[in-house]
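So that you can tell them apart, the chains are marked A, B, C and D in the order they are listed, and the count of residues begins at 1 in each.
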Amino acid sequence: MTDQLSTAAPAPVLEARGVGKTFTGVAALQGVDFTLRAGESLALMGENGAGKSTLIKVLTGVYQPDEGQIFLHGEPASFAKPVDAQHAGISTIYQEVNLVPLMTVAQNIFLGREPRNRFGLIDFRKMQEDARALLATYDIHVDVRRPLRSLALGMQQMVALARAVSIDARVVIMDEPTSSLEAREVETLFRVIGMLRSQGIAIVYVSHRMDEIFAICETVTVLRDGKVVHNGRLTDLSRVELVALMLGRSVEKVKRGGVTAFGEVKEGEGEPVLTARDLSRKHQISGIGLDIRPGEVVGLGGLLGSGRSETLKAMAGVMQLDEGSLTVDGKRVRSGSVAAAIKAGVVMLPEDRKAEGIVPNLSIRDNIVLAALPRLSRAGFTSRAKQDAIVDVFMKRLRIKAASPNQVVSELSGGNQQKVMIARWLAMNPKVLLLDEPTRGIDVGAKAEVQALINELADEGLAIVLVSSELEEVVEGSARVVVLRDGSVERELRGSEVTEQHLMAALVGENHAPADESPAEIKERL
Amino acid sequence: MSAVTSAVRLPQKGAALVFLQRYGVYLAIALLLLFNLFFTPNFMTIDNFRVQFIQVVPVLIVALGMALVIGTEGIDLSVGAVMALSAAVIPLYIGYGPLPAAILAVLAGCLIGLANGTMIALIGVQPIVATLSLMVAGRGIALLVADEQLKSVIDPGFLALGRGTIAGVPYSVLLALVLVGLVAVLVNRTTFGKQLVSIGGSRRAAELAGLPVKRVLITIYILTAALASIAGIIQTARLSASVPSTVGNLIELSAITAVVIGGTPLSGGQVKVLGTVAGALLLQLIAASLIKHNVPDAYSQITQAVIILLAVYLQRGKAVLK
Amino acid sequence: MSLALEPSVGPATTKQVTRERIAGNVQRYGAAIVLGLLLVVGSFAFPTFPTVSNFTNIATQSSFLLIVAVGMTFVILTGGIDLSVGSVYALGGILAAYGSTWGIAGAVLLPLLVCGTVGILQGLLIAYGGMAPFIVTLAGLLGIRGLVFALTNEGANTPLIKDASVTALGQGGLLGLRWPVVIAVVVVVIGSVLLARGRGSQTVLAVGGSESAAVLMGLPVARVKFSVYVVSGLCAGLAGALNAAYSSSGVPTVGVGLELSAIAAVVIGGTLLTGGRGNLIGTTAGVLLLTVIQNLINQVGSLTSSVQAVVSGIFLAVVVIIQTVLSRTQRL
Amino acid sequence: TNTGTTTGGSGGGSETPEGTQQSVASSEGPTCSIEDYGAEKIDLKDAVVGFSQSEKEDNPFRIAETQSIKDEAEKLGVKKLITTNAQSTLSKQISDIQDMISQGAQALIVAPLNSDGLEPALQAARDKNIPVITIDRKVNATPCEDYVTFLGSNFVEQGKRAADQLIEGTGGEAKVAILLGSSGNAVTTDRTKGFKDQVAAEAPGIEIVAEQTGDFARDEGQSVTEQLLQANPDITAIYAENDEMGLGAQAAIVAAGKTPGEDIQIYSIDGTRNAVEQITAGSYNGVIESNPRFGPLAFQTLVDFMDGKPVGQDIIIADSEYDPSNAAERVSSAY
């Protein structure tokens, strides 16, 4: 396959030959050959922990390869630091948003290349104007003087993207750029990628979302367990074949799974286990009411910044409410106390795994049992046996890929970290599970497992609230969808209304979706 | 900010370097012992080691508490003042017997810990300034409690804490060993210990996981103060006098140094109890070697600085990036 | 229709932004606000407090610490710390005295050269050697003080400054302000401009805000970390030299505990100890606060040293509590 | 006692036992009068007097010194006495003095922290022609110009006398360890110099085997002595530059299983009650006094000065000494 390509293909811009990288005990990359040609858009695929991020970090000077060589325009190159790669025209959006939360949006975009006036001093006015203008080209309208951390995660990711592509680059590498974007932002992103490609800029794109891969990439490199298992044109592969390659299973086996792994969903019956009334907090959400019954999955729909995360945080006690009440099984839960919420059986998987989820220096085991620890201890003394029992179950059930439960969680791949987070909350045996982007950054295999798990948990009687920026996931996974807009409930979709058309129409504030319009058409309009 | 450690790592090192990183302190101790074996008369004697162990006890006990605080990404500058306060309280109540006096001394110290903890956990003051204010005020309070006087303590039961031995091992050393054991268990085997390092690792994540962050923080500052009070009591017994003006002066720096040399990063999220013990011992050995060779103060300070740098340089890479 | 396509920015965004901005300013100038309150209260309580001569004293007394604190602000903004400033301050003083035999140039350049070198060494170990700032500068605190004693025969010799032009640098002045005050103001102004709009200023903030992000963004992290320790060394040396000129002698024991005062001033001034946010106006207010607290204690005039310690400790606590509460409004 | 504690020192309380008053040992040399200095004549009764203490009042010497100044000011009916404490920080002492001047102090008594570096403070006083009397530590400046006069002990002499005591007590044959005061402190330098010079001159049989700083603190003195005794088991005498370190050394000697006062002799300087009591108990060998009660003499000098009488520029007080022959009878005059 590779031969066919090379005959007519333009010269390679960035190459890796025989690259190997071993972390203490884990061989993250072994003899990886990788080629990126000018103007090419290449999908880098693989399961969680396959080595995608590691390869990117080796290519961009964050890590030094243990063996092998990097070539830039055919010349051997070695990047001691990320800045060297940047100077060589390689711009990267790393998997975790890597910006400075305390600094403003404008500062973040122009860090390291601030516009100056004639005295050599930074010209903030110009910087803000430029930032505003730059973001506007991507349809982002935020106050660029605000600190980055005040933006929702998806918006932060858009800022990171704007920064990366505004640097004059020959190669743009994106490690899961869409993981916290929803449809509209993804559209914007695609537009940007189209622009880049038309300028002959080569793109490396990592994502676990198949649609996206097939929509924008020409070629694909598949990694499995640190080795390259496939290299070629994407058009030569079907989805199923690609998944099979990634997972290392036969096509037949993979075929049995559907688009999403959700089974039949049904509305819950009986008394609501959780009742939220008039949840309000100044400037964030107002008057939100929800009833969640045991055994049902309720989706929360909304655009970026519509207040989905805030609603979950309000119910999980993370956020102090100005008004409103929350009752679980008829008992009032004190607002603003996570402990009280957990005690009542309401737990939340936070959206920002890096800042709010993992405790980076602790082991997988400790991270999983973190919340459940008091239950697994006697008189304050921890019991290793009890912990191991639980950790074992979840590591197997969620297929967490790690050297051992003792491995430090920050060493795991992004997807596996997410699974650890899910395990933490499942270990609590909650009554109500609030999931903010549960499949963010999770590979197809694991995603299916998580989706199946959500199904299964609902069947077992758990009440679940699901926030996802993938419409497909919300629609297929939920029995009904509550749509938020500007911090309050816009609409509720039930039964047959739970379709992508209706949801999308509701998102933009149209009460009745024309039934004859297809999702694609609506996407088009957006 | 501590959550980002993973993103940037120093390049991997060879096995020898990994060994040095992990065992840097112990190696430094061994080298120093070796040096003394050859160049210091009367060093390798039981009596000498007893002296070293007795002298290291206060710093060690304070460093244990400091390690806990540092594990939560905090710091406690007030430990010296707490020692002074507990020393000041002893003579007031020694008439009721050594034990009640000691208990009251620890309680008094804990009040400072409570003040620290409240300011830090509930109000959100940065630990270094919160404890700095109590470092200044605490010693003043201690002196006022003591009526600005130095008092001899002659209760034989109390003095035994400073002088008595079991099978040649001084009580104070035994007490320190017990405390090391307790802290090690606390850190490694209890819910509290795990919560402590989680807070240091990522306070936000700990909060979202429903941990009682504020309670744990307050408790830790109180514990640290309690340990410092015990150090103050031991020091008082050893001196057979309550000297609130000088006891524990600058001990916060020694304690922090011991903790850091022992491999606990100042960025929190880890507590190395054994390393802390080794760190304290290393400092003690450095001081002893310099005094025994009658090195003038100026050069002794320079030498200490160089040795500390070397010991930490050996194990750098572990705690570098915040 | 196009309206519906505007991104959903949540209700009352502009109001929120205004609120954030006000809260930001309260935090930025929290120390200055507390300082203002203290000045008013002090003026009512003690008639001898609001006098020109007293304020001149306060200014002079603050100037040395302020110069040190400016350097410390840069260090703390990167998330580091410099414990060596007290010893470097003493070294600067000694060297100024030795250097004064070559006149004013020697008295200023010699300390700057050597203290800058101390900063360079510490900066190298921290930025390129990957060592923790706390430990490196703690060793600096010990080692440099040792060096000071070694240079002065265990502190027995105090080199004196005889050159009139050098003593004039400490004692003379401009418009009723002593040179150290004038120089401190200049240092603050230059520092503020650099920090707000200078090359590398954004990297300083970024390193403190998130070092790994700064590395991944390709910022010159090591260079900036290195530079701030050099700046701090230079500032401490300059302050020490000015202080020596002011007191016509290089006293080996000055500056003990100065690092804590400087750190306290910086933190009270609203700079986050973890780095990433802060400004020199705050630091200036922090330094003045510490001096004014001492001044007010002296105004009472009959407190014993123990009571003074208690009062100033509690004062400090109250000030940081107020400052923290003021700035908390901005937390998200 | 049954309380298990003893209290050291009276804190220089109001009862001043007979014989504790400072007396002038020498006041020869040039004098200074109010005309010479150029100050304005004031009546202390309606004057504001400032006292700048150098170190914290947390040790007997400083407590007694401050108390004695306060007591005497009260006795004389001084209108207002402002006291400040530099807490061992030179810059604070400068500020303290400046602050007192701007508060309207008309006369100053200063216990300098350091011999050098007070220039700006003295200058500020000079600018307003405020008379400054320095006590206990001498500043390197011109008397009757930068300040009026110095009252205090001769620290070199104290070291010399301690050497004399030690030479006599040991018969001129000893291995001595010196516990130095804080580095960079003029008192340390002088007491070391006086001692070493005298030993070199008078007692070739005395060997100084170690000199290490104990920072004038009891616990440091104890730790250092413990180390030294281990390394040099043949030490027979200790010279501590203040009583606190001497008492620490005593505890270390006991811990090492030796008898203080006999196996190892201890000499120190200060004259605190704790140390003198140890002499009476036989486990301490000699103490050279450094009398802190400057109040009466300082104010007397000030009064004389204001009355237009010439006062000595360099008034050295007579320090007594304690040894086994007189300790019991004179312990009451210790502070």
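Note that in this section a residue touches a chain if its C-beta (ideal position, glycine included) is under 8 Å from a C-beta of that chain, and two chains touch if they have at least 3 such contacts.
Predicted model, so just to flag it, every value in this text is computed and none were measured.
Looking at C-D alongside B-C, one finds more C-beta pairs in contact between the chains of B-C.
Averaging Cα coordinates per chain places chain C and chain D 36 Å apart.
Rounded to whole angstrom units, the spacing between the C-alpha centres of chain B and chain C is 28. Taking each chain's centre as the average of its CA atoms, chain A and chain B sit 43 Å apart. Counting partner chains per residue, chain C has residues 148-149, 154-155, 209-210, 212-213, 215-216, 272, 276, 304-306, 308-309 touching two or more of them.
Under the contact definition stated at the top, the residues of chain B that touch 2 or more other chains are 4-5, 7-8, 143, 148, 296-298. Looking at chain D, residues 56-58, 183 sit in touch with two or more other chains. Going by the touch rule set out above, the chain pairs that meet are A-B, A-C, B-C, B-D, C-D.
Residues of chain D that touch chain B in their complex: 1-9, 11, 56-60, 63, 180, 183, 209-213, 215, 217-220, 222-224, 226-228, 230-231, 233, 244, 247-248, 251, 255-256, 274.
Interface of chain B with chain C (complex): residues 1, 4-5, 7-8, 10, 77, 115, 119, 123-126, 128-130, 132-141, 143-144, 148, 253, 256-257, 260-261, 265-266, 296-306, 308-309, 312-313, 316-317, 319-322. Touching chain B in their complex are the following residues of chain C: 79, 125, 129-132, 134-136, 138-143, 145-150, 154-155, 209-213, 215-216, 260, 263-264, 267-268, 272-276, 304-314, 316-317, 320-321, 324-325, 328.
Across the complex, chain B meets chain D through its residues 40-43, 45, 47-48, 51, 54-55, 91, 94-95, 143, 147-155, 158, 163, 235, 238-247, 249, 287-288, 291-292, 294, 296-298.
By the touch criterion given at the top, residues 53, 56-58, 66, 80-85, 87-92, 94-96, 98-104, 114-120, 123, 140, 182-186, 188-189 of chain D touch chain C in their complex.
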